[in-house]
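In the two complexes that follow, subunit A is the common piece, with subunit B as its partner first and subunit C second.
Right, the complex of A and B next:
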């Protein structure tokens, strides 16, 4: 750039040179301005995401007092925290619970969201706005707060859901007191919170399927199941996979619902990675151990992120 | 469930009679309304039940005999006690300060960066745009422990300014990403015309891009607002004393004390804390939804 600037005055003053040098000036200013404008973003990404992520990896290799690396018995020095976790029964329970929770919740959210979007798409478009507005309310309330309401509905002594069950002659359920019921409760709350998001995404996708495709299918005598299978689903495949993978990331890393609803109980059986890392790292003060627990989330998140990115890029190419 | 419906509906149309086709449509419509009403009841029950509880006196809540779903003596006492409670007012003020500062910072950072990334192609701009999207996918629960150490090292633990420092990790990537999408959809002719008229790049951004992409800016602002208002992981990790707590963590941790649950106040507090995002949503629903769906469809 500097070289260009110095050569410019030497050039003979042909009619075009004035324009050329001013263009160069624009170009020079353009790149400096662009760098200046992206600097704050770079500070956020590098300083508050990339650096902490690297620092988290470093932290996970330290011993509890953070005076040196954590020794391992069969793993090399620095991986001692991972060794202890891999040998701990509680940790494996947490890992299983995280996977069960995330996979079940995401599948349910995707199915319910798809069903809701389909039903919404069916009704006359005048009423759709009103219904959509109502059905999205769970997504709008901050989850930590709405979970308080669920907690109160699951309350062992005064559970209002059990009261309704009793009216219909269904025996009372120990919602948060028993392992599998507590796990189910967490999934219910997460599905309640997340299904409307799927509904909105799928509804947007349904609306973007060209009407002619359905007309063509109808002329060919397709049943509504065939229309769904051979027209709707292929057209929506990309958005479905993006939404599912995105939701898998968010659900897998969920913290607030577990924290408010069960706080890991009964007997640490409902902890997911995030809440367990919080308990070990912040509450018990073993920061390196906590950091290594949350690092276990990384592989699955990285895989999901890779496929989300691929889906989004493909989608952009289609739209161009 | 939909499979059984599909067969019911398709039997008549299989024979291709116009009249039965219409009745097929009608049944599909009735079925759609039934499912929508059913799901609306389930989806709205928790907030409605919170409202019911918040209108009860402590005595009525403790009374186990009656129907918990009705209010016998509605009272606004719980709300009044919270509104006049200086602790709760403090939570509210903290939330407002943190959210306003974070939203302002986020919008300035992401609009500038998105403009540069969408329009001023420079070395590495493509990589950076992808990097922005990837950072959006990094969840806060992966970073809160190292950030706890970093914020602690800066002496900002237990201060709302520590929150102001870290919240941009939640908001900036997504807002930048959707603003890139909105800016990219503005026709190139517009900036060429501006350049010919002698506009500088900052002028172009402020006089052309910001007004044209206003719907996108509103959507991104709503997103930044709801995310910073609802943030939970960072305040739970960083804040320990009530005077620095924002609303979410304040309601969850301070109104639940030991074994004594004042459920009337807890639900009233939760509803009051949820009110700002709900109001924004009620008035700007279309922008809210545009921002929600933009993540996967724009950019």
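Right, the complex of A and C next:
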């Protein structure tokens, strides 16, 4: 039977049943089966992605009391919340901080993950498994719990790290109380949590690079740097792009680390979009404006996704 | 006897089954009053929940209502998420505990309770004005000021340290009886600032948080109010520019902040508790929960603690107040029972049981209930929390930070900690008072737009 046939193979009818009913014929159609098979996925996507997203967009157009659309002064009715945010100093500080946080953390995670993957790749396979398991531990602990552990280490009054510093005569560091230290603290925790994900993805990619390419490079007299630059990186380019994109999305939308460690302080200087949206939307009872804040992530991430995925598609075409 | 046919039997059976299903709700309920689903705040003091369960069971039995009680924690803002989810979906509990600003936030989804509050006022006198500001946002009571969970934040003082380093005998000033002691009239912010400086020099700085959590916003709010300093008036107009009272309050708060530990800008609501319990701090603003934990973990600290009213300012003495409310959803199917239950729960006898069960933590909304025995007998030292409730001789009023701004805007100002950030910009960020006031004015205008 041809692969593109429109009906599934017809089993012989039971003796005496006569012609198959029209219902049976519809049920046997491949298109019917396809719809049935994809229905659960469609339900999940519509129920848990499309509907909440559409509802979020709708909420962002409302006024605080949610009794009508939010009017703007220079933007059309319905976009008033966006107009207010664009004119707010605090919002721009949050946008700036979100970018600093996400970009710095993703770059650090990618570099550390890459380095760890290389180290692991060169460990004999016998001992590799236990190292792999140990290095994955930060990633498998629920982030709210591990962040609480970090908070105890950074705690303004009883920081265990500061206690160690004291032992060695180093002055105490205001980990969460001073602007740049607080920013660094949340980046450290995010990198600690996220680097193992990069490591495991890069390790899988490294293992899929054909050994013959390295052998050929060695015959051509390539140095280790040249092997990395001209063999490893091009072969891993797609997985690096996808991992960076995925991590950028997750890091941009991060909430728990900021909430547990600094609550956005001091002076709103560590807020990211999600924590600020929660503060404005849920804590302050302005759900439409909170929805507007969280929607600002969408265009930024959409632009990133567009360029990254275009790069992946282009490389795939070149390889074909 | 007539033959019973198969069809007749089936028909009868179906009738019986249908009757059973239709009457099922009443069969399940404890009595004829139906079911009342309650979501109460999960009390910090474990015994607080025990007392509330007992009260639910007692009222349910007496009124033949099946009272089902859940506790909803405020950790991780779970109670706020639950309230918002139920308001959006218009389904859930019949009545719930609502934190400070939530009655105003959800007034359109709450059943008016003017009748209940009127009855209670007739019995017990006026409700504290701060609770009225929050629970009666548009001239209608939308929630009943609750006993369980409501707290004040007076000063919890290490009397030994304050005596030693600042020369103030705070126990003599505010004894455990209904009268002021010598020097009580001098317990103002000027005296307080001098004591803060002295204790800071001695290595026991006052533990006053300056972040955006409630303890920080509340004490700064009470200080502002005692100077008559308001950033927004009751009409929603911004009153920052050329506001001499606000400037005086900001300068006093900034002065005090310079004598606090250098990390107070990052403290959460537990920071001040830890500072007191560890013995590092001479004073905090908090309900007696910090002292209660110290009784267990650091008894040598607890036995040197004494609770006194907050200092006074030029416009009077204010005590930071953070109430809970009990509200009934307007989609509840049992509003009558809910109202009757909440009125009973607010009665003096039940209120006293709740306060006793929480070791004196819970504050009733009626000043006539400031004489419960528990505040006299709790210790050590006995009398330590006598001055926790606002008493007549304190000559104090309760304060809600950001009042009298309309609640819809005040809640945003409160949760964004505008008052503490204003001070942080000056003390930590190095801005001038004018620059910081300019910033807060712009923020307030942002909040005003769109209501």
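Heads up, the rule we're going with is that the second predicted complex is superposed on the first by the 267 of 320 C-alpha atoms of A that agree within 3 Å, B and C clash if a C-alpha of one lies under 4 Å from a C-alpha of the other, contacts with A are read in each partner's own complex, and residues count from 1 in each chain.
One rule holds for everything that comes next: contacts are C-beta pairs under 8 Å (C-beta built on N, C-alpha and C of every residue); 3 or more make two chains touch, one makes a residue touch a chain.
Note that this is a predicted model, so its numbers are computed, not measured.
Q: Record, for the superposition on subunit A, whether partners subunit B and subunit C clash or fit.
A: By the criteria stated at the top, subunit C and subunit B clash after superposition.
Q: Which partner, subunit B or subunit C, is in contact with more residues of subunit A?
A: B
Q: Contacts for A:49 in the overlay, against subunit B (first) and subunit C (second): which applies, first, second, both or neither?
A: first
Q: Which partner does A:267 contact after superposing on A: first (subunit B), second (subunit C), both, neither?
A: After superposition on chain A, A:267 lies in contact with subunit C alone.
Q: Would you sort A:176 into first (subunit B), second (subunit C), both or neither based on which partner it touches?
A: second
Q: I'd like to know which partner A:237 touches here: subunit B for first, subunit C for second, both or neither.
A: In the superposition, A:237 contacts neither subunit B nor subunit C.
Q: Scan A:38 for contacts with subunit B and subunit C and give back first, second, both or neither.
A: first
Q: Just subunit B (first), just subunit C (second), both, or neither: which does A:115 touch?
A: first
Q: Applying the touch criterion given at the start, work out whether A:107 contacts subunit B, subunit C, both or neither, answering first, second, both or neither.
A: Neither partner.
Q: State whether A:158 touches subunit B only (first), subunit C only (second), both chains, or neither.
A: Both partners, subunit B and subunit C.
Q: Between subunit B and subunit C, whom does A:290 touch in the aligned arrangement: first, second, both, or neither?
A: first
Q: Considering 5-13, 23-31, 59-67 or 77-85, which region of subunit C has C-alpha atoms that clash with subunit B after the structures are aligned on chain A?
A: Between subunit C and subunit B, the clashing stretch is 77-85.
Q: Looking at subunit A, which of its residues have contacts with both subunit B and subunit C?
A: 157-158, 282, 287.
Q: Note which residues of subunit C are touching subunit A in the complex, please.
A: Going by the criterion above, the answer is residues 77, 80-81, 84, 101-102, 104-105, 108, 211-213, 261-268, 271, 274-275, 278, 280, 408, 411-412, 414-417, 421, 424-425, 428-429, 439, 442-443, 446, 449-451.
Q: Can you list the residues on subunit A that touch subunit C in the complex?
A: On the subunit A side, the touching residues are 63-65, 70, 80-81, 84, 87-90, 156-158, 174-178, 182, 262-268, 279-280, 282-289.
Q: Name, in rising order, each residue of subunit B that touches subunit A in their complex.
A: These residues of subunit B touch subunit A: 1-3, 6-7, 9-10, 13-14, 28-29, 31-33, 35-36, 39-40, 42-44, 46-47, 49-50, 53, 61, 64, 67-69, 108-110, 112-113, 115-117, 120, 122, 125, 128, 130-135, 137-150, 165-166, 168-169, 172-173, 176, 195, 200-202, 226, 229-230, 232-233, 236-237, 248-249, 251-252, 263, 266-267, 270-271, 273-274, 277-278, 281-282, 285, 288-289, 292-293, 295-297, 299.
Q: Can you tell me which positions in subunit A touch subunit B when the two form their complex?
A: Within the complex, subunit A contacts subunit B at residues 26, 29-31, 33-35, 37-38, 40-42, 44-45, 48-53, 55-56, 59, 112, 115-116, 118-120, 122-123, 129, 131-138, 140-146, 148-150, 152-153, 155, 157-158, 160, 163-164, 192, 195-197, 200-201, 204, 223-225, 228, 239, 242-243, 246, 249-250, 252-256, 259-260, 273-274, 277-278, 281-282, 287, 290-291, 294-295, 297-298, 301, 304-305, 308-309, 311-312, 315-316, 319.
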